[in-house]
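Okay, here's the structure, questions in a sec.
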Amino acid sequence: MTLHLINKSPAKSSALNECLSVLEASNNSSSAILLIEDAVYSALKHPANMALHEKIKKLASPCYLLKEDLLMRGLHAELVEGFTIVDYAGFVQLSLDFKKVQSWS
Amino acid sequence: MTLHLINKSPAKSSALNECLSVLEASNNSSSAILLIEDAVYSALKHPANMALHEKIKKLASPCYLLKEDLLMRGLHAELVEGFTIVDYAGFVQLSLDFKKVQSWS
Amino acid sequence: MTLKNILIIIRQAPYSSLLPAAALDVLLTAAAFEQPITLLFMGEGVQHLLSAQNSTGSGMKNISKALPSLELYEVDQVFMEKDALANRKLENEKLVLQVESLSLNQIADAIEKADQVFNF
Amino acid sequence: MTLKNILIIIRQAPYSSLLPAAALDVLLTAAAFEQPITLLFMGEGVQHLLSAQNSTGSGMKNISKALPSLELYEVDQVFMEKDALANRKLENEKLVLQVESLSLNQIADAIEKADQVFNF
Amino acid sequence: MQSFTLVVFGAPDSQSSSTALNYAKAVLKAGHHIYRLFFYQDGVFNACSFNTPSQDEENSSVNWQTLIQEHELDAVVCVASALKRGIVNAAEAERYELAASNLRQGFEISGLGQLIDGVIQSDRVVNFLP
Amino acid sequence: MQSFTLVVFGAPDSQSSSTALNYAKAVLKAGHHIYRLFFYQDGVFNACSFNTPSQDEENSSVNWQTLIQEHELDAVVCVASALKRGIVNAAEAERYELAASNLRQGFEISGLGQLIDGVIQSDRVVNFLP
């Protein structure tokens, strides 16, 4: 029942990786991840991101990307599948859909 | 003829990895690496550091650690071999032994 | 007064960031408000527990010195991530306080149980 | 006046740090001092070259807009790390300017040749 | 209608301050209530009245002030973070014998207790980490 | 005797500001010359005179000032970085109609040209990145 908010590129922080490890180990699948700011680079088909993408694919929890942060970075087509794109209104709604928001840096 | 100065933990920056890739590809072996601040964590025998240690072992260039930054972090025994420890006086001398200092963040 | 279960996670290495010190400040303030608090060291954050840290002359604040006195503030729920020290081959180092280890599954439970998580 | 070969490397991703903007400021000042300058985009830094960046309404400065005018300042030595776009599967994206690619070996040479490197 | 406390950790020119500002606008647009903005660590620089960025750059500090004043938001600046970084109100300027206050109008200096109060009183607390 | 220019990118409470200060001391102790200290980006906060950290913390800004004054070092604060962050000298305070200057004594505000001059004039330039 937690929205996990991550804002760093996987090249700069192990936040997404650690968050995925916790969610994998969890008995509860009713959480979600929202990638904002530089964390949207996690969705690039970079070989360095492959292990993350494998983990995300196996996860029961959904993984979101913030639209405005993709547009800012000029990222459109070349993203890996399996992410859902939301805008700021969606970000606010997700914050309410879950019981709490936990930020990772 | 360059002293490469790196100050970030390998968990937070690809600086050391990118620096090693450049030095590997270089025809010239008269450079060195000095790890300061959080970069001294690169010397921990953490499984995540193994690929870096392999690269460092193969490198002709020496790799230094700043003593004061090790002490601050309480790191003594449990470091991988192959590094030379210098203090601030040594850091200044290394800056002069090479033609220039290039900082990576 | 409403009570909120507050989980504070320290994930940043010592001296690399001001966030761990901020986490302790939040913890002490929450304790003053008599909220139920849990403190967890995760990932690189476990390195705050190493007792050999000597920051004299560095100009940097060493927050590990404040950890043994947490009990005085009645903060007794202090944990670290299992294997985080062992992975770094630091399992034989002396620690500033003895804390229980939590598996990733237990960490997931702690997060689930909390009303608010400050993950610094 | 003494001339120094200055190599400026942009390695940080757009919007993640103020360092890339600082690198451009250093570059323009060095150009005003008529120093020989080389600019290189490495690693995540290559993403500054993507022309589809739209930061309108974000409040953030988009430095890619300044890149096409570098020629006006007689900065014509602009390169990027070979494969850095391809590794990110961004090789088909439109770029704000066409730049030559350098292999790691050529990057090592450029570093060797420089009198001073600003690696931001 | 739900109530939010936002914790702003980022300096004016950081991405995270800009994200927090956009999020705050989206919260208000959706008809929800902002119980408190809490400026913490480098986030306190958003409350500095001396900032004068060049004309081609946004003045994030002014953007926050506009939002705060238009919606009469409670905008608290952490006192310990602020003093350490040289942001003072009139009372502190006098106490520390500094030449002037540089706290921007609309912001108020207070303690970390206001953050814990935010945790207790609001439906959601969102941290915008640096 | 060799000459050094040090570029300080880190705020007063950052590790990189502290490293730069320790390095500067080691340069002088080894009998070398510091041609210039250049405070850039968040490094300009080291030149703020309003900083009042709590008593259990070092005042890095005062530590820099002490070193600068004892050794009569040339300590330049980047004007663009400073204005953006609300650090002003008396002339700028007047120009932008701010209540006071908050530039600490010993520091001088100037342009990035002083950094390039450092590159041209000194034997070594060392960047202490954030």
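Residue numbering begins at 1 within each chain, and the chains themselves are lettered A, B, C, D, E and F in the order written.
The rule we apply is simple: a residue touches a chain if its C-beta (ideal position, glycine included) is under 8 Å from a C-beta of that chain, and two chains touch if they have at least 3 such contacts.
The model shown is predicted, which means the values in this text are computed figures rather than measured ones.
*Asks:* Tell me which chains count as touching both chain D and chain F.
*Replies:* Chains that touch both chain D and chain F, as defined above, are B, E.
*Asks:* By CA centroid distance, what chain is farthest from chain F?
*Replies:* For chain F, the chain whose C-alpha mean is farthest off is A.
*Asks:* Where the CA atoms of chain D average out and where those of chain E average out, how many Å apart are those spots?
*Replies:* Roughly 34 Å, centre to centre.
*Asks:* In whole angstrom, how far does the Cα centroid of chain C sit from the Cα centroid of chain E?
*Replies:* Going by mean C-alpha positions, chain C sits 26 Å from chain E.
*Asks:* Hey, how far is the Cα centre of chain B from the one of chain E, in Å?
*Replies:* Taking the mean C-alpha position of each chain, the two centres sit 39 Å apart.
*Asks:* At least two other chains touched by the same residue of chain A: list those residues.
*Replies:* 11-12, 14, 37-38, 68, 100, 103-105
*Asks:* Which chain F residues sit where two or more other chains touch them?
*Replies:* Residues 13, 15, 22, 57, 80, 125, 127, 129-130.
*Asks:* Indicate the residues of chain C shared as contacts by at least two other chains.
*Replies:* As it turns out, chain C has residues touching two or more other chains at 15-16, 18-19, 43, 57-58, 60, 115-116, 119-120.
*Asks:* Between which chains is there touch?
*Replies:* Listed in label order, the chain pairs in contact are A-B, A-C, A-D, A-E, B-C, B-D, B-F, C-E, C-F, D-E, D-F, E-F.
*Asks:* Please name which positions on chain F make contact with chain D in the complex.
*Replies:* 40-41, 80, 111-113, 115-117, 119-121, 125, 127, 129-130
*Asks:* Could you please specify the touching residues of chain F with respect to chain E in the complex?
*Replies:* Interface residues on chain F, with respect to chain E: 11, 13, 42, 45, 48-54, 57, 80, 83-88, 92, 96, 98-102.
*Asks:* Sort out for me which residues of chain F touch chain B in the complex.
*Replies:* Counting only chain F, the residues touching chain B are 2, 4, 15-16, 19, 22-23, 25-27, 29-30, 32, 123-130.
*Asks:* List the residues on chain C that touch chain E in their complex, please.
*Replies:* Listed in rising order, the residues of chain C that touch chain E are 1-2, 4, 6, 18-19, 22, 25-26, 29-30, 32-33, 35, 115-116, 118-120.
*Asks:* What residues on chain C touch chain A, complex-wise?
*Replies:* 11-12, 19, 42-43, 103-105, 107-109, 111-112, 114-117, 119-120
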